[in-house]
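Common to both upcoming complexes is chain A, partnered first by chain B, then by chain C.
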Partner chain A sequence: MTAPPVPRHGRASESAQWTARARRAAESAFPPERLLPDRQPAYLGSWVYVFGVISVVSLVWVITTGCVLALFGPTWWHTSSVGLFFNSMHLWSVEVFFFFMVLHLWGKFFMAAWRGKRRLTWATGVISFVVSIAAAFTGYLSQQNFDSQWISTQAKDGINATGAGAFWNVLNFGQMLMWHIVLLPIGVAAIVGLHILLVRRRGIVPPFEVGDHADGAGGDGDGSGDVVGTTTLEVGTAPTVERGVSA
Partner chain B sequence: MMHSLLLGSLIDLGGTGHYIHWGFIQLSVANLVVIIAMIVVFALAIIIPFPRHGGKDK
Partner chain C sequence: MSAMRKRRFNPDRDVKEWSGPSIPYDILKEAFVALVAVGCLVLLLAVVFSSPDEHAVTLKTWSTADPVDFAQTAITQLDGTSPVATYGPPYNSTPGAAQHIGFFEPAQWLGTHQAVDTAKDFVLGPLQTLPGDAAVHQAVSEYEAASSAQRQAWTSAYEKAVADAKDVNGTLQVPPGPYGPVGTIIARLTSMAQSGALDGALSGQGQFYNTNYTKPLLFIASGNYLADLAGHQHLQGDQWGMMNETGNYPGQAWLWLYTMWYQVAPMNSSSNADLEVWGIMMVLTLVLIFLPFIPILRSVPRWSRVYRLIWRDHYRRLAQSRVARPQSVSATVEPTS
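Entry: the complex of A and B
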C-alpha cells in the first residue's frame, strides 16, 4: 500500500491555479448560508421586496411563455385560441413585470438603497430596467401584425436620429427578432441574476434612523452584519446602524 | 363568449385609442390608467402595514 501522492504545489486548498482561486473567491463571496439564507433582518418585512419578487416571478413567466411562442410560431399565436392565450400571457406578464419593477424602483429610490456599498446593486437594477425596455420594444416589433409595422415605421426616425439606425435597424424584422429572442433575454436574465446575487452578497439596505441622511448610515454592506435581532422577521428588532459608513 | 361580449361592450379594446393632450405631452388613456394604478398601489404599500406572523420561530 502506498501513500497518496502529495500535490506538487502544496495543499490543494492553497493551489494557485485559477480554478482554485475562483473557487475560493466564490466560497468567500457566497458561502451557502448567505446564498440561501434562512435568517433575514426584520426590515425585510416590507412590500417593496414583495414588488421585487413579483418582478422576478413575472420575468420567469415572460421567458416561459416566450419559449412556448417560439415553439409554434406566429401563425399559431395569431390564429389558434391556445396560441392567442399564450400570446396574451406573454404580453400581460410583461405588463406585470414592468408595473412591479417600477414600483420596486420607486421604493428603493426613496430608501436610498445604494447606501453601504450597495451602489452596484442599485446600478444593476437600473440597467436591467433599461435593457428590459429594449427587450419589450423589440417584442412589439416582432408581433408580425399591423401594430408592429406601425411601431417600426414610427420608431425608425427616432432611432435614426440617434445615429444608431445604421446598425440597429428597426425595419429589419430578422434583426429585431433575434435581438428579442436571443440577445436581450440573455442580457436581462444575466443582469437580474447579478442583481439578486448582489442582494445576497451585500444584504438588503437597513432603514434610516431618525435624523439620518442618504449619504450615511447604510450598514457595513457585508451581507451578514446587517442581520440583526433574533431569528425571524416577527421577533427581530430594529437594527443598530452605525453612522459614517460611506455609500 | 358572453363575458367577452359584456366586457367588450364596456371597454372597446379593438377600437381607436383615446389620447389626452396637455401641451406637448400626449398620453394614451390606457397608459394613464396604468400610471394612476401604480401610484395607488405604491401609496397603499406605504399605508398598509406588512403582515407579520404571530408566534416565535422554533
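Entry: the complex of A and C
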C-alpha cells in the first residue's frame, strides 16, 4: 500500500505559510548554483579578489584560537606556555585579519564595488570592519596585563566623553570580557555572514565599461575618445540580469 | 507611460552586468587553501614573535617602587583635587567637567553612573578595614570630625610637605608640618598599599567575587608611575599610544586615523579633544557607509583609475578583442525612489 502523493505546494493556505514563504524566498534568492558557484566571470583574475577570502579565513582562525583560550579561561595564557602560544595565534590571526580586511576595503573602494544594487554589500562590509575594531579593542582590554591597564585608562576618556561610559565601562574587566567573547563575536559573525550572502546574491561587481573611464562622459581616459558609457533606460522595464555573475 | 521615468545611466552607481565569458572557479578549494595558508602564516608568526605580556601594575608594585609618587597621588585623592575627583561624569558630578561641543554635552546628560568618592573609596574606607590599628582609626575619626576648613588646612600643609618627601629604602619620609592626622592617614595608606592589602580592598569592594577593576585602575592612573612606564613603552598619547602596544608589536594599527586626530590642532590642545575626535570619526564612518550615495566621493574610484590595475588582464583582453566585435551588454539601472 503506497501513500497518496502529496502536492508539492499543497493548498493555497499552506503556500501562504510563513515557513513556505521563507523557503520560497530563500530558494529564489539563493539557488544552489549562486550559493556555491563553480564558474565565475572571466574578469575575476586579480589578486585583489583574494583579500576578501583571506579576511574570512583569518576570522575563522581568530574564532578558533579564541575558543581554545575560552576553554581554559582568561588567566590561562599568563601561566602556561601552551596558553601563551594560543594567545599568540589569536593575536597574529587578528593582525592578519585586519591587514587583509583593510586591503579588501581599499580594493573594493577602487573597484566602486557598490555599483549595481550592491550598496548594502558595501555598507555591511564597512559595518563589519567597525564592529571588528570594537571586538579587537575589547580583546586588548581583556588581556589582564599592562597593555589592558594602559589602554583602558586612556580609552575611558574618549568613551566617557561620548556619554557611552555611563553604561559601557572600559575599566570593568568582566563587562569587557563578556563583550569580547560573546556579544561582539556574534555581531561580527552575523554581519560578515550577511555580507557574504549579499556577495553571493548580487555577484562580484563587473569592471567599469571602457566608456566610463575618466569622467563617464566619453573616452577611456587615453584621450582617444571611445564609446560613451551613458545609456538611458526606461526604469521599470529595464531587465535586471546577472548572467554569468553568480559569485 | 506615466509610471515610467527615464534615468540616465550613472557609471558610479549603475553597472552593465557581465554577459561575457566565465571561467571554472572552485570556490571551496580556494577557501580551503587560503585557510591552510593563513593557518601556517599565523603559526609561523606565533612561533617567531609570540605575544607581549607585561605584568600589570598593582598598587603594591607602585607604592613599593615609588612611595613618594604614591603619597603625592593619595593626598590628592583625599582632598578631592585628583584627576578622578574632578573628572565629572560618569564618576562624579563636578560642574563643567564634562566635555562638550557647544550645547552638545552627552556625558553631562547621562550623568553619574560609576560613582567614585575618592576620599572615601580610595583612602578613608580602605583604612577603616585595617584590623587592630587604633592609631589610624583615630586619625580617620579625627579627620572626618574636623570642619571642612580644618581638613583643607591639613591637606594643604601635607601637600607642601610631601613635595619634599623622600624614598628611603622603600619607606616614605615626609618632612614634619602642621598636617594633623593626615600624616598618619597617608603613611598608613602607603604601608597598606605596600603590603598588597589596598589592592584587595579596592578590587574586592566587599565581595568575594569581583571582576570590576574600575576603582583600582582609576587610582593607579591618577599617579605618574603608570604614565612613566607607558612613556618608556611609547604608549603616551603624543606617541600615538592608542594604536601601540608594549614591545615591538604592531598593536592596533587600524586605529591610526583615530590616533592621528589627537596629534593635530586644535584637538592636540583642546579640553574637549576626546569628544571632537569621536565626533570626527563618527562622521567619517557614516561617510564611508553611505559613500555610494555621495556624489563626487563615489566618483573618486573611477577618476583615480586604480581599477585599471586591478582589472588589467580584463582590459588587456578587451583591447585585444575590441576590434573583432563589440560586446553585448545588458544594464542594471536602479529605479529612482
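Quick notes on this structure:
Convention: the second predicted complex is superposed on the first by the 196 of 247 C-alpha atoms of A that agree within 3 Å, B and C clash if a C-alpha of one lies under 4 Å from a C-alpha of the other, contacts with A are read in each partner's own complex, and residues count from 1 in each chain.
Convention: contacts are C-beta pairs under 8 Å (C-beta built on N, C-alpha and C of every residue); 3 or more make two chains touch, one makes a residue touch a chain.
Computed from a predicted structure; not experimentally measured.
Looking at the superposition, the partner that touches the larger set of chain A residues, chain B or chain C, turns out to be C. Within the superposed three-chain model, A:193 lies out of touch with both chain B and chain C [touch as defined at top].
After overlaying the two complexes on the shared chain, residue contacts for A:103 are found with chain B alone; chain C is out of touch.
In the superposition on chain A, no contact is made by A:73 with either chain B or chain C. By the touch criterion defined above, A:31 lies against neither chain B nor chain C after alignment on the C-alpha atoms of chain A.
When the two structures are aligned on the shared chain, A:48 is found in touch with chain B and with chain C. The residues of chain A shared by its contacts with chain B and with chain C are 45-46, 48, 95, 102, 107, 230-235.
On the chain A side of its complex with chain B, the touching residues are 45-48, 51, 95, 99, 102-103, 106-107, 230-235.
Contact residues on chain B toward chain A in their complex (touch as defined above): 34, 37-38, 41-42, 45, 48, 50, 52-57. Residue ranges of chain A in contact with chain C, taken from their complex: 36-46, 48, 50, 53-54, 56-58, 60-61, 65, 77-78, 84-85, 87-93, 95-96, 98, 102, 107, 109-112, 114-117, 119, 122-123, 126-127, 130, 133, 136-137, 140, 143-155, 157-158, 160-163, 165-167, 169, 171-175, 177, 203, 205-210, 212-216, 221, 229-245, 247.
Touching chain A in their complex are the following residues of chain C: 1, 3-28, 30-31, 34-35, 38-39, 41-43, 45-47, 49-57, 87, 89-90, 98-99, 106-107, 109-111, 113-114, 211-214, 217-218, 220-221, 226, 229-230, 233, 235, 237, 241-242, 245-246, 249-250, 252-255, 272, 274-275, 277-278, 285, 288-293, 298-299, 301-308, 310-315, 317-318, 322, 329-336.
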